[in-house]
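When the chains are written out, they are named A, B, C, D, E and F in that same order, and each has its own residue count from 1.
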Amino acid sequence: MSELSHLDDAGQVRMVDVGDKPATERLALAEGYVYMKPETLKLLTANELPKGNVLTTAHIAGVLAAKRTDQLIPLCHSLPLSGVDIEFAIDGIRSAVHIKAQCRVCSQTGVEMEALTAVSVAALTIYDMCKAVDKHMRIDGIRLLKKTGGKSGDFHAG
Amino acid sequence: MSELSHLDDAGQVRMVDVGDKPATERLALAEGYVYMKPETLKLLTANELPKGNVLTTAHIAGVLAAKRTDQLIPLCHSLPLSGVDIEFAIDGIRSAVHIKAQCRVCSQTGVEMEALTAVSVAALTIYDMCKAVDKHMRIDGIRLLKKTGGKSGDFHAG
Amino acid sequence: MSELSHLDDAGQVRMVDVGDKPATERLALAEGYVYMKPETLKLLTANELPKGNVLTTAHIAGVLAAKRTDQLIPLCHSLPLSGVDIEFAIDGIRSAVHIKAQCRVCSQTGVEMEALTAVSVAALTIYDMCKAVDKHMRIDGIRLLKKTGGKSGDFHAG
Amino acid sequence: MSELSHLDDAGQVRMVDVGDKPATERLALAEGYVYMKPETLKLLTANELPKGNVLTTAHIAGVLAAKRTDQLIPLCHSLPLSGVDIEFAIDGIRSAVHIKAQCRVCSQTGVEMEALTAVSVAALTIYDMCKAVDKHMRIDGIRLLKKTGGKSGDFHAG
Amino acid sequence: MSELSHLDDAGQVRMVDVGDKPATERLALAEGYVYMKPETLKLLTANELPKGNVLTTAHIAGVLAAKRTDQLIPLCHSLPLSGVDIEFAIDGIRSAVHIKAQCRVCSQTGVEMEALTAVSVAALTIYDMCKAVDKHMRIDGIRLLKKTGGKSGDFHAG
Amino acid sequence: MSELSHLDDAGQVRMVDVGDKPATERLALAEGYVYMKPETLKLLTANELPKGNVLTTAHIAGVLAAKRTDQLIPLCHSLPLSGVDIEFAIDGIRSAVHIKAQCRVCSQTGVEMEALTAVSVAALTIYDMCKAVDKHMRIDGIRLLKKTGGKSGDFHAG
């Protein structure tokens, strides 16, 4: 589209064209935490919160969100994920729920945003299910742990 | 539906029925941070990142996400938000983008999740726009700052 | 828009305009069944199916679907549901899961379609979670049980 | 949120807060055209196009799009439309399909974008249904014809 | 993600990872019925129902629903369907509309849920279009008729 | 599904089955205009409109819409776009914003509708951002400029 002079190069946004890259196996693993009061964590573990089963609900919300990452994050590509795996662990020391999400696809671009979106929406869902009893929760430490596939090389957080 | 014996009370989830509560003015303010390398923050501030205008894109993603909170967070009600306001500040000391989102509605239930969702998706979008140059970003400190309206009383984070 | 002659009256579709009706409290209750082999029902009850917790997943899918009925059923209005309640019972005699969904709203139109959609999508989700072990399931008997509010009068299935 | 200095006032976007405006009856009427070859128009009128019933499909697509305007147009509010009315007329002189869409709501803000979105998506759907036989179609003349309700006064296109 | 101890194995849900399966041609055919009063069926056949063309509307709703099955059924994969075919027949003996939907894809997993979702949402749409004149309809007999492709072998309902 | 007699051939709609076509590189380029008053165009160029940065918002809306074309246009296939490129130019002579959108995919079917949808929703977004100061805008001249790939041969508008 070279015949059009860019109106405003500084303001432009670009969805990267990945059409010339080969499709390869991609994997991304992300994590995050929802910090809460020890009493809240206890209610969650005992499955006694008023809205019901927190972790199954968060798991499903995270999977659904991973599958619609392209609608949430404007410049992400639509990817047919082959797998989305989410796990939760109770971290009594930090008084937090630890969330890990792993996404896989065979595609021309990576799935970091899918894994991070799964963690974020799972965390928000935990927040929602617990907020009637705790207004001081905090979602923290959402980051990429690992990424494989693609020509920029593998990545492992230190 | 009392004639049905609950199959599994522990596994049940419940979308709270708010039909008997009065509609009142509700407001929620949430915040969060995206930590990144100082070089990344410099590129962002100079609007020199490869995908383009980071903060406008993040702003729009956050607004759109707030409006579909009921689809992302399974047990949230559908609320016709009267306003969504998102602001970004560059925090050079922390080497982070600080995000604040405020939502308003006249409704039978509050808008905390809408404000937190706006912050989270804006943060993920910032992450996406910067990830080509920085794989060590971290989304942190997502929490509720203020909440007014509703019978449970106002809330201000300390 | 009377100045336009209808091209094709037979082919026309109409989303009814409810703007002149008063908003009143509306409730609808619907039900349905997923018939399956007794062995499948046993695995479901024991929570031993390969995809995990069937009924919580179906519950969440049903609630999410009820909230997007206006996007699935073309001529339905967008309604801000005040409550969605779904219950499951194991019916050993019929070898089926019995699903009931109740929706409430204060609105100018009823919520039958929301309740029926919740039942249908919960049933499809149960099907999906069990289909690895049973290809002969059948979704049956989806109908309206009760409807109150609105000027056409209350309805109770006989 | 006055304590935050705007990072970049020029780049800011704003979803207007309508929370302090009264809800009033709003109506908007929009129109547009899909120009096509006379042969194409003849096939459309005779219902002989390969994908089937063009105008009913376009009608439904327009209604569905009107109901999700808030997801398509980033800074639009979510509005519970009370009615969406779409009409088509064959304009043999112009060799075009003429589309009119009218939306109604009782709300704090107007429904121009909903009516224009209904026209646009109906036009795109007509294009899609006819494109196998005509690659020279053109969507034209999409504009607001009338708008009533709201404090800025009524509007009628000249 | 073996380093994380599962919090609650019984409550876990799993979206199966299909990344290691080969992509093959998959087809699924499903059916269902909407039972209604003979008078209602007569109005439907004569295209005299107040909301308009029932079967075209139901067809479109079914196709759109098949394409978003991954958003409705939490643990379904996103599949780029190559075809969705829906057919309706009037069954005067049963006083019902008979719905058949067939989906095709070249993928690592099957399309049963897409075909069943198309049938279910088409049935719900028929219900919606007829409910002004008949409150005693029933959606029944939704089941898989045929499935080919994939290593578990072909399936044909007896 | 030949055993089912078509109820109503004239009313049938068909999503074309593309499963037997080979996947090839496809590209489509579309354009359109938003005509507005010279004063409005001046405010847009100076970035002084009340809702903020018009073109970045329109760009993002267009990209997001291209990615959900299959949900907006009922009989379009779901396509994993490899690239979406949108450009804007100020046309002072016509007093209009000129929009061009290009989509690419490797697929069994073309991306004309994706490019046209990107243009249309970008145009609607420009309209929305400017409508507070100009009620006489017009969206015009939306058409296909170029299409390559696929067995029907390349197309270039004259």
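To be clear about the criterion, a residue touches a chain if its C-beta (ideal position, glycine included) is under 8 Å from a C-beta of that chain, and two chains touch if they have at least 3 such contacts.
All figures in this text were calculated on a predicted structure; none of them were measured in a lab.
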Shared touch partners for subunit C + subunit E come out as A, D
Interface of copies subunit A and subunit E: same or different residues on the two sides (over or under half shared)? different
Matching interface for B-D, options C-E, A-E or A-C, criterion over half of contact pairs identical, gives A-E
Note: subunit D sits from subunit C at a C-alpha centroid distance in Å of 30
Per the C-alpha centroid definition, the whole-Å distance linking subunit B and subunit E comes out as 34
Two or more other chains are touched by the subunit C residues 11-16, 52-53, 56-57, 60-61, 64, 74-75, 78-80
Chain pairs that touch, by label, are A-B, A-C, A-E, A-F, B-C, B-D, B-F, C-D, C-E, D-E, D-F, E-F
In the complex, the residues of subunit A that touch subunit E are 25, 29, 45, 53, 55-56, 59-60, 63-64, 67-68, 78-85, 87-90, 98, 100, 102, 104-106
In the complex, subunit C touches subunit E at residues 10-16, 32, 47, 50-53, 56-57, 60-61, 64-65, 72-76, 112-113, 116-117, 120-121, 123-125, 127-129, 131, 135-144, 147, 155, 157
In their shared complex, subunit E is touched by residues of subunit F numbered 1, 4-8, 11-19, 70-71, 74-75, 77-80, 107-108
Within the complex, subunit E is touched by subunit D residues 52-53, 56-57, 60-61, 64
